[in-house]
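A, B, C, D and E label the chains in the order they appear, each numbered from 1.
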Amino acid sequence: MFEPNPPVDLSSGKYLKLWQGPQHPGITGNMSLELTTCGDEVVDCKTHVGYLHRGFEKLMERRTFIQNFPIVCRIAVPEPTFNEYLYAAVVEELAGIQSPERAEWIRTLNLELMRLASYLMWLGGIGAAFGQSTVYQWTVTHRDYILDLFEEMTGARVYHMYIVPGGVRGRLPEGFEGRCHEVLNRVEKLLRDVEKVLFNNVVFKARTKGLGHIPREMVDPYGITGPNQRAAGFARDLRKDAPYLVYDQLEFDLITATESDTYARAWVRYQEMHQGIRMLRQCLDRMPKDGPFQARMPNVLHWQVPAGETYAKAECTRGEYGYYLVTDGSEYVRRVHVRGPSYTHAIALMEKLAVGTNIADIAGLMVSLHTYPPEIER
Amino acid sequence: MANPIELLQRFGKNFAISEIHEQKADLTFFKVPKEQAVRLLRELRDDAGYTHLAFLTNIDWIEKGIFTLTYMLHNYDARHSLGMHVDLERDNAEMQSIHGLWAQAATYQRELREMYGIRFPGSPRLDEDFCLEGWDQIPPMRKEFDTAAFSLERFYSREGRGTEDPREHMKGLLYPTHTDEPSSGGQ
Amino acid sequence: MSLKDLISPFYVWQRAFEKPYTQKRPIEDRPGAPRYRGFHMNSEDCIGCGTCETICQNHAIDMVPVEGLEQRSGDSGLRPRFDYGRCCWCALCVDICTTRSLRMSNHYAWITEDPDAFHFTAGTDAMPWNQNSLGYRRDDDYHLLVHERIDMQALGAEESVAGFDEVMKGYTEEQAVLEADRCVECGICVATCPAHMAIPDYIRAVRQRDYEAGLRLLYETNPFSSTCGRICTHRCETVCVMGYQGDPIAIRWLKRAIVDRVPAERYREILGDEVVENGRKVGVIGAGPGGMSAAYYLRRQGYAVTVYESQARAGGMLRYGVPSYRLPDDQLDKDLEYIRSLGVEVKFNTHIGRDVPFRQLIEDYDALFLAVGLNQPSALRIQGEEHPRVLSGLQVLDDVASGRDPGVGSKVAVIGGGNVAMDAARVSRRLGADVTVLYRRRIEDMPADPEEIHESQAEGCKLVQQAIPVEIKNAASTSQVTIVWGEAEMIADDKGGRPRPVLQEDRMHEETYDCIIAAIGQGGQLDFIPAEYRDRIEFKWNKFVPGEYQQTGLPKLFVGGDIANSRADAISAIEDGHHAARGIHRFLTGTLDG
Amino acid sequence: MQDWPVRIGYFLINLTIVGLYGMLLSGIVARTLAKVQGRIGIPVYQPFIDLLKNLGKRTAVSHGAMFYLGPVFRLAGGIGTLAFVPVLYGSEMFSNFNSAGDLLLAMYFMFFGQLGMAIGAGESGHPFSAIGVARGLGQMTAYEVPFALAIIAIVVQYGSLSINDIVAAQQGGILNWTLFTNPLAVIAAMIAFLGMTGYSPFDVTMAPNEIPIGPPTEYHSSYLAMMTMNRAVFAGAKLILFMDLFFGGATNLVELVIKTWAIYMVAVVVGAAFPRFRVDQSIRFFLRYPTLIGIAAIGYTQAVLLP
Amino acid sequence: MDTQKYALGPLLNEGLSAEDRDLFSDARPVPYEPYPVAVVEKFVNWVRANSLWLLAFGTGCGAVELNPLMTARFDAYRMGVQMRPTPRQSSVFIIGGYASVKTLKRIIRSYEQMQGPKFVVCLGICPINGGMYWDSYNTVNKFDEYLPVDLYITGCMPRPEVLMAGVLELKKKIMEGRADGANRYVENFDWYKANQKRVIKDWNMPDYNW
């Protein structure tokens, strides 16, 4: 379904080559866009990634199964937990380990908190991309409250390294539920404020409505997943379609929209934050308070996982996050492939959507697709 | 929706499908020869509802001398994924491009070109740098490339390190004369 | 454009009238959470096993020697040195730490301008966070290692007292692999093992089910693997790092797991022992573990070895001192026969000094290894100990091993707390006697193996602690004997030594038994060495004090075994033999002078 | 009328006061906006430190004479504007070089600075500067339309091109202010003022996210310091001009501070609430409602005030 | 290290094609001499220390903690810190963790475009000794071989609190006049350049990005 953008004759003098990034505040993360502009209009866009390439998949092939556990979370900086969970999920599946129920609840709590934190950061990002940096200040601060919870629960702010193959690394601290509820209330109040300030804002609407429209029929051929897909009217969510962890026991609504533009995508994410808070409250109330949180493990120093291959996926904030693991029965991973949703959102889709937009909208468009370069290049 | 095994058997009439392996309820792997792969992908997409390409990647089986491409397809209605394996010769690996089927495949193929050296003729921007820049070694994801040795050689490691094995250390400390094993049968 | 959309954004100004979110003094007021994974701390419990280094995927940990560290048994003397240019604070090192000495503080700030400065040895370097009480610890219910030993099938107490069948049945292959899997391969045990066996290596061989490699590893240092796999005193297990939080690895049983799976016929082929005669002769006195071990390693070097043994069968104390329910004869023979199959000649029933003069040996052979062991029971040194119903433990065991009836009767008192005492007690149990063991100190002070103590209790032996024999008297019947013993109090030693039992005169007991088995230790008998040689040899308490490579003041004479070391167990004797073999080889090839 | 040297001396005093006040104002505004964002914000004296820091930067890369002259023109524009705006009504010392046609001169200088800057920034060769310049000029042209209309309205209303006369006409009570006598013109002018100050939603010229900072992308060290100074002077001059034209001027420094601060806060209040418009949107915006209001103001003046 | 080297002739700009070479400056950077009057220098150092403008370039994962730092919770603005989107106006370059070879090239470019005095602060473990990616084929291990570094803050990630402490430390260093990384760069220019070119294989930019 790949249709190349129409060729541009640079020698005609009508066009200007413009590099956005990597040193550019309007770019999410460290990547760059090579824009060809005609006046204020973008006529061609090429993405350049790899500024964050660390060769994770190579590094993981030379580490043992337990040694990979600290490294995977580094793949997506603002949202490391999904990596931890998915890595644990694929390893557990191939090793035949079932993590205990309590661990599954704690993992769900962890993932949903992460989703909320990540969305808060994103919400600030979309505000800042369109010039409303006050929202950015507010949301990043509230994200920090969630990071405090993470620090308390996992022992670290950013790279939690908490969901370990076999379960989780520790029980919830004393009084955690209460503090978590408190933070959720604060975040909920903030979200209502943000709705007033950002979503009911004439300028924001003027900027975002109609920007970056993704036609419905483009969704599958471009591999678009997650909120970007739901904003185009597809009611698809892995938490509903292929429930993992304890999502089948939680009540939440699937949020969709039909306009499929930047505003619709923002609105879907905004609503999902409310759903996330709803799920978190259920988690806190219904989680088992005792019992094991780690399955019986072999000695991890020379842990050999039987040969096999599998693919596990989870619904992260951007869409389908997946781990494809191939083992050969040795102490080392044969091959890991990390499927990040940004891979297609930030490259194939971005290159397509950028054409015809105003240069000033590129940053906002990119934020609206919610891309994280590190998961593209890994 | 037919169950995946039946589906694969149905396709098996026209395609040489082998090594069907049901990993879990919603994930089945199978293998197909290189020549038939793209045609099968197209039919799976158009006729069987596998409209979503989750990823395309490669496994290096250096000891068997092959690359195994994995195409992960997903059917949203059936909520089922198919992992399609295609074996390539490791030397001079080349595969048909599927960027016409899925737009994001072009990026995956660029990555495979760079990381493994697999060629996908016709794929856009295939030979441009993807993640690397000015790379002058063999493609890094190939198993024979030793990243630690390369890192040490090119980027160095900071001085001032040095470790001792507890066992050897104690040997040297506590029973040094118990270590010299004369060669067997020697004079 | 609705009016609401125009007005609503001004809501933003409400925030201006609220308290700012800003932390006034973030650097001071925000310590890390109680569970924060900050900088590393290490306590004195660290033994330098290096498991943290093994698991670190960043190679951020170096094990380095630390000055001024007290040398302890089972402590490598190394400590982890962290490179904070590598560490990612994943805390796997904390999780895996076998002694739980490694922890993390909630301290997180380290700023310098020198990139080479980010190194420190946790626990011994003075770091600002060493006193922090908060920080990451491993949760009690979270494990990366398996702390419980895999149980071995064994005879029940009733079955075992019914006969002399081997009690421990050995691991199945699956069990052995699981048990071997627990090992962290730190190698701390190697130093503690008197023979310095390649323990982690052969455990890995078990894990990989490669028994041939395992056997080769065993025979590098110990030709009595089958024996040691059953009755070794396993000092290694006392220092095993897995013992700090759970059960130590069953190292002894894993050794047995290897030899049990290799038939004796294949030994030669697997070990590849090819003897190339080198034309020199070495004599060995005593066919116990020490002597035979020396014989094996010397033979491998091509020496013609002749062993002189006073008894009718080889094995020494292993044969005559260890009952067959612990070490079946065929297993001992498996080891011994392999050594003899290499061409080691054993002359049985030959007493040195009586049948062959010592002088002749020293003149005939290029070198001589002496390991006669301790075969003289120590005296109780109380009144009446020459009573005919007072037997020696060794005698009882010897009789049983040789198939004679020691005639212990049905009510037996055993005096002593060593392995011989326990064996004598358990043998008596098997002969149908009701057994009481009297020991001067507490049960935890007993020198016997804990397993033996435990099993003897399980088999119904009654252990009386802090019981000091005072006098032995004639009983009413001549086939019986009466012992008077007093209770003892443990008095702490002022000089810091272990507590000393002190007899309490007012609490005396008197009991009559069918026999009393004295097993309080053994001494050596070295009368066969002529005085002219004795002058040149260093002795202490009638034992040899060997020099380097087990050599004595008589350059040709090397000694080992119980008669030359204080540990008095099989594995030490084996190492003495091996070490003497090294020494003899060096001596005869000129790299070790007399 | 005093001697020129004295007037120049007075002007320099004015310039210093207005410059310092402008800097201080930027500090205060930053702090106010920080409050909205839930922060404490910079110390109010931070802009001075930043200014000194930029002056103290040592290397300076130049892209040619025009590049160098850009900030100079810009500063000249700021100073020029101020030169023809009487700061305090009725004060000899604070009257600057006001004369019969000073309103025109002041408006000329407002453009002059921008244009000079545009040439200089264009010379830097940085595409973002060029885009920023294009956007800035486009937006400026757009907001100048309602502003010019409003000026025309009050010029017609007061029948004078002298700012002093206009201020004089507004004396004698709050109801004499243009704000109340000709509210339509003030509304048009104040909307244009939002565009002039460069706060949201009209800050796309200098937007950090869309184009890293726009025209000043390449400017640094003393060039940047010069531009910062200009921003202070220019902001002060603009505020005083607006105050003079629409809010009855000021007769003492306290009144001046209060009024200019209040005028400035209009832009800040709006700025904090809205994201920014794209340049085409803001041009469209200025050419729509404010222009209509401006035309209405002229009509109102002609029809209601003059007869 | 020969301190005289920087005085050697013009740069060769060998990475550029012949026609491009004319477009770029071949001048060597020069070190900065302190102001002749000590008090002035001291004052200027104080000013510099209290107006730290960070270059908004998230080179690695460390950038994620710059968000809290520059927002309401920690509010580094009150310390005179602010983000600048263009290197020309920034004085502090925060290396947010690991530098991949591809990014290193952009880092060098941005750094050279910054106007002195300029300071480099490295966050996290990766610039110190490779960190988590010590064996990666695409990240450099010792960042100080490529650019002069004034301050290292270890941690993964360093928390915003530590970043603030780092800012204070940097201020102290600047006020004491010891933050001379930019001068070291100039004085050992050839050494740094050789190191940079050793790892960046497609050197297609001028030797000094003025």
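FYI, a residue touches a chain if its C-beta (ideal position, glycine included) is under 8 Å from a C-beta of that chain, and two chains touch if they have at least 3 such contacts.
None of the values given here were measured: they were computed from a predicted structure.
Student: Both chain D and chain E are touched by which chains?
Tutor: Where chain D and chain E share a partner, that partner set is A, C.
Student: Which chains sit in contact with both members of the pair chain A and chain C?
Tutor: Both chain A and chain C are touched by B, D, E, going by the contact rule given at the top.
Student: Please name the chain that ends up farthest from chain D once chain centres are defined by their CA atoms averaged.
Tutor: Comparing chain centres, C lies farthest from chain D.
Student: Which pair, C-E or C-D, has more C-beta contacts?
Tutor: Pair with more contacting C-beta pairs, C-E versus C-D: C-E.
Student: From the C-alpha centres, identify the chain that is farthest from chain E.
Tutor: So the chain farthest away from chain E turns out to be C.
Student: Centre of all protein Cα atoms: which chain's centre is nearest to it?
Tutor: Here the chain at the core of the arrangement is A.
Student: Take the average of all CA coordinates in chain B, do the same for chain C, and state the distance between these two points in whole angstrom.
Tutor: Chain centres of chain B and chain C, defined by C-alpha means, are spaced 48 Å apart.
Student: Which integer distance in Å separates the CA centroid of chain A from that of chain B?
Tutor: 24
Student: Centroid of chain A to centroid of chain D, CA atoms only: how many Å?
Tutor: 44
Student: Rounded to the nearest whole Å, what is the centre-to-centre distance of chain B and chain E, using the mean of the C-alpha atoms as each centre?
Tutor: Once rounded, the distance between the two centres reads 38 Å.
Student: Hunt down the residues of chain A that sit against at least two other chains at once, touch-wise.
Tutor: Residues 24-25, 50, 53, 55, 58-59, 62, 70-71, 134, 137-138, 141, 159, 197-198, 201-203, 206 of chain A each touch two or more of the other chains.
Student: Counting only residues that touch at least 2 other chains, which ones in chain E make the list?
Tutor: Touching at least two other chains: 56, 71-73, 75, 78, 83, 85, 102, 128-130, 132, 134-139, 142, 156, 159.
Student: Can you pull out the residues of chain B that are in contact with at least two other chains?
Tutor: As it turns out, chain B has residues touching two or more other chains at 131-133, 140, 145, 147-148, 158.
Student: Every touching chain pair, please?
Tutor: Result for touching pairs of chains: A-B, A-C, A-D, A-E, B-C, B-E, C-D, C-E, D-E.
Student: Once bound in the complex, which stretches of chain D touch chain E?
Tutor: Touching chain E from chain D are residues 30, 34, 37-43, 46, 49-50, 52-54, 56-61, 208, 212-213, 216-221, 224.
Student: Mind listing the chain B positions that touch chain A in their complex?
Tutor: 23-24, 26-27, 29, 51-55, 57, 59-60, 70, 72, 76, 79, 81, 83, 99-108, 124-125, 129-133, 140-141, 143, 145, 147-148
Student: For chain A, which residues are in contact with chain D within the complex?
Tutor: 16-18, 24-26, 40, 127-134, 137-138, 141, 197-198, 201-204, 206-207, 358-363
Student: Using the touch definition from the top, list the residues of chain E that touch chain B in their complex.
Tutor: For this pair, the touching residues of chain E are 101-102, 105, 128-130, 134-142, 145, 198-203.
Student: Spell out the residues on chain A that touch chain E in their complex, using ranges where they run on.
Tutor: Touching chain E: residues 22-25, 29-30, 50-55, 58-59, 62, 70-71, 74, 77-78, 121, 124, 136-138, 140-141, 143-144, 147, 157-159, 374 of chain A.
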